[in-house]
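Have a look at these structures, which come just after this line.
The same subunit A turns up in both complexes below, where it pairs with subunit B and then with subunit C.
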Partner chain A sequence: MNVPALARGGVLTVALLALPLLGLEHWVLNLLIFTLMYAAMSSAWNLVGGFAGYPSLGHAAFFGFGAYFIGLWFQHHDVVSGYEPFVILPLVGLLAALVGAPIGWIAMRTRADVFAIVTITLLFVAQTLAFNLDDLTGGAQGLAMPTPPFELARFEWPFYYAMLWILLLSMALTYLSMRSKVGLSLDTVRADEDKALGIGIHVQGVKVLSFSVSVGLVAMAGGVWAYYETFVYPQFAFDPLITIGMVLMVFLGGRATLWGPILGAVILVPGQQYLAYKLGGSQLYLIAYAAVFLLIMLLMPRGILPTVADRLRRRRAVGTSSDAGPPTAAPPSAGAGSSVPVPSGGTA
Partner chain B sequence: MHALIQGLILGILTGGVYALMASGQTLIFGIMKVVNLAQGAMVILAAYFSYTLFADFGVDPLLAIPLTTAVMFGLGVVIQLVFLRPLKREDSAQLSLLVTFAVALLLEGFMSVTWRTTYRSINTDYANASWTLFGYQFTVVRMIAFVLSLVSLGLLFLLLNRTRFGRAVRATVQNPMSAELLGVESKRVAALGFGLGAATAAAAGSVYGLLYPFNSGSHYDLISELLSIVVLGGMGSVGGAVIAALIVSTSSAVVATMFNPTWSSFTFFVILILVLLIRPQGLFGTVERGAL
Partner chain C sequence: MSALLEITSARKVFGGVRAVDDCSLSVEEGSITALIGPNGSGKTTLFNLITGYLGADGGEFRFRGRDVTGSDPGRLYRHGLTRTFQQARVFPHMTVTENLVAAGGYRWRDLLVPRVSRRDRARAEVLLEEFRMTHVAELQAADLSYGQRKLLEFAAVLMSEPRLVLLDEPTAGVNPVMIETMERHIRERNGVGVTFLVVEHDMQFVMRLCNPVVVLNNGKEIFAGSPADVQQNPMVLDAYLGT
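The block that comes next holds the complex of A and B.
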């Protein structure tokens, strides 16, 4: 077992568990909930987009699935204690994973670019369905959820802990897959899928597994979100910007790393909220967001963690000997399995 | 039967516009292996240009086409130079996808600020005119759209098959490395090719503005339709894109006239899924190389 990695995880968990006890303001907690939500979803997206190298642009379809499932469930069931939606959350995740498996199986018959196309189409189809099946979804009117009966002083706590729970679940699954044959298989698929198939890796199996787990996690986040917002509208539940958020955070932090997506979320969600607050209402917000996106892609295409880890490694390598490739003690959280080793001077 | 034929007529006439949009998209993919998610946004931007030219200066959208095409060509070249050329890594395909998505958002933001988000339509005096032939309706606008699209496609075909630039483009699509060895400047071809893709988007946009009301968010609907067409036709195949556009638009028009307009937008998705199940490389795609 990797003790430092587990220690880091433990410290983070305890710190995040204790955070609400500090008596934070409502808006801070609100911001934290969204940060945790995006961290969880980016971490989940990373399983497919980062590790398997399949850039799904359709994850928001499953976010909306989770949101609508919770929304529809409580059209027919009452909320008494207020915790019922959280109780059925695992069911939401499981169902989304089950729905996701055949979709992934079909979509992953194609390679990276076409896969992205198919998934983004899936997102728009899901949105159109939500608009058009108005007997079921209420169409553009949306669905209203019962108001959560929590006392005002601690209103955000259940949502905070639910999002935290999803984040930890997602990170644990990522960690486990990185330490297991699944992670190795995914690395191989990303590097060269045909060779992976040639050396006997069950390519389709691991791809669909990662997709299915990933969308299940995202759907759970969608469920919590719906309950927190207490309403579900098609254009917000199936928002392309939600997908883009996940993708962006993973790219910013570093693909196929354990901590990259979380770092990305911690930087971008508050930044995004600030932009929305400053430029809110006007569509300048969209322009600013796209500009940030483009800058990240152009200046740091590999993400923060891999870039920084490379720098550190190179500095260390200068001290000992000439370039000897990744040393034995490469920290798994940052460098390992990030991408094919690029000779120095790859990124400027 | 009457509804079926009327649907077919409608679908074929509309199919021309989609063929034009999709041919630009598939061209860009063929040359650079870039899935341009901003194609829809470029179409809508061009539609706004011709809207402004019409509403503020009284220029007929059909006359505006050369102007919008030239402007969008320049814009396309700039987008390629600034955002796509710097991506040189082995995973540039994935990055370029996200970059073009960001460009689409940028354009959407720009359009919503400039023209706000209310729906616009270009109401020329022939907008509602139609001919009736054997009991079937032929709206003038759709006829014009169809003819214009055919003309533009014909010009594109001539450009690709009868000029040196066209030969360089086709060589790059077939085998980028050999093309470069034979003296094709792949960087220049990429920049001009992206410009060309944007120019077809411009021509299509002016026509699109005549046919449908649009706002800055319309590019989302457009892009998913375009992408299904491109996948159906085979990524990188211009001929495939044209045929796929006709198939998709006629089948969705038939669904709209015979059953329910609400579900017509699902037709393309059903087709897409069938294609992926039966022939993932599309009708005219090759697995390894692009074909043109």
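The block that comes next holds the complex of A and C.
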């Protein structure tokens, strides 16, 4: 099971590393950067919203944190190289994770819908601060950065590879957690947190850990984004739509799966661009976007990957039982017909 | 024998209802103690107080000689006090083996150890063998029958080698064969030193298995003694049959 997973990851990595070498046009690379950014952030959101089962709506607060960190870095340092913002990215992630830990500690004392409300409050508090701390953030004027000094023909490359790096890091961390006690613990928290508490799972610990790692990754994406845009405004850096984007992509692709969030991003980001292009400047495209999302969720309420994996599993189960018969004599009480449709945790 | 668990004057009030009211009882090491009483007498609330799921409004809880009043469930679990729930709470989308391993406990530095390590699997296999569940080891818990899920929950809490296990209605909703199975497992485990406190409505089960029997009424213990004495006691009959 783990060899195919690693192989899949390897193929993806190589393909994505090679993609810019094809001499793609600027608009394509631009689209790819945003797709990678949302894939990375959805994958990160999935750690909390998918695996731990805590639907955070406040992640954009950390996206803004990363964006402003890079913006402020330019204000207060003589930046010596165009690559410097990328070099300090790990620092941005680490700081956001450290800030996120106590916030998670407090917010995660609430659950489900209350948690969603508490975290969305966090987002608006952060945005209000960015608007009003004029001396630090420049208020509504925002912060401007110099244009990155990259060769025009390959202007997008550094941003592309930075986003790719964050995505791969997020997927690696997800994979690691799924295969370790972290994932096992998060599964119990998602299924029945009170029961988990009673069997000695370090419930609060793994919850806060997942939150902290998750927001750290999102902050790094925010940092790259800010540098790419060369400006940060409160209403764009702390945008509820960024949070909503992550949530939709994870739900679409499949919560608590490794590949679901990536699949969601690959469908929704270009899909949205395509619809915006086709339906023009009116807001009609948002309605079409919502319609696509609703249609898929109507047909596959648990998201694409878990539903597909389940159908394959059931088909395979039917196949083996009719071909070879049950391998051992099934005891009477053993729920012998194991082809009952059971929602799986999804290991796709 | 000495008291493994000792409760003194426990109190819990919900609004105007005194669910547990000045209740004292002790569970002797090595016993299978029953906790019985009419519906609403406070048995489950008392369980929640003992296991840390609810904070008491008063009273003292001592476990293995230590004051554990106010400890959370996780901490008590690591001290060797654990419970099962009335409705068989297992993790439905995890396999039977994973359910066992999750309950096996781990330390912080083991967080990056594989989900189910070779050692975990070996430990789980011993229990699966004992509970005759080897053939369902890789099934998801949701695929099990209700009785088997109860058995799984019971087996899972044994992964941590507890000293005291609280069973909340172990036979409710399961078939007679499964009741016998459950009874046998409780006896076997008791034989190797595990103490039990059992809430149960099946009186035949209680009379066969438990000694002593503690009777709760209106949140207060009204009697503690051997099964034979319980059946004779006028106060107990009164509590059950009313006046």
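By definition in this document, the second predicted complex is superposed on the first by the 295 of 348 C-alpha atoms of A that agree within 3 Å, B and C clash if a C-alpha of one lies under 4 Å from a C-alpha of the other, contacts with A are read in each partner's own complex, and residues count from 1 in each chain.
Here is the rule we go by: a contact is a pair of C-beta atoms (placed from the backbone, for glycine too) under 8 Å apart; a residue touches a chain by one contact, two chains touch by 3 or more.
Not measured: the values here are computed from a predicted model.
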| item | value |
| --- | --- |
| Touching partner for A:L284 - first (subunit B), second (subunit C), both, neither | first |
| Which of subunit B and subunit C A:P240 touches, first, second, both or neither | first |
| First (subunit B), second (subunit C), both or neither touched by A:L57 | first |
| Partner chain in contact with A:V125 - subunit B first, subunit C second, else both or neither | first |
| Which superposed partner A:G198 touches (first subunit B, second subunit C, both, neither) | second |
| Subunit B versus subunit C as contact partner of A:L298, first or second or both or neither | first |
| Subunit B versus subunit C as contact partner of A:T110, first or second or both or neither | first |
| On subunit A, the residue positions that both subunit B and subunit C contact, one per complex | 340, 342 |
| Subunit B-touching residues of subunit A, taken from the complex the two chains share | 53, 55, 57, 106-107, 109-110, 112-114, 116-118, 120-121, 124-125, 128, 132, 240-241, 244, 247-248, 251, 282-291, 293-294, 297-298, 301, 339-340, 342, 346-347 |
| Subunit A-touching residues of subunit C, taken from the complex the two chains share | 51, 53, 72-74, 77-78, 82-83, 85, 89, 91-94, 98, 101-103, 105-106, 108, 110-116, 135-136, 139-140, 142-145, 147-148, 156-157, 160, 178 |
| Residue numbers on subunit B that touch subunit A, as the complex places them | 29, 33, 35, 37, 83, 86-87, 89-91, 93-95, 97-99, 101-103, 105-106, 108-110, 112-113, 117, 216, 220-221, 223-224, 227-228, 230-231, 235, 262-263, 265-266, 269, 272-273, 276-277, 280 |
| Subunit C contact footprint on subunit A (complex, rising order) | 176, 178-185, 187-188, 191-192, 194-203, 205-206, 328, 330-331, 333-335, 338, 340, 342-345 |
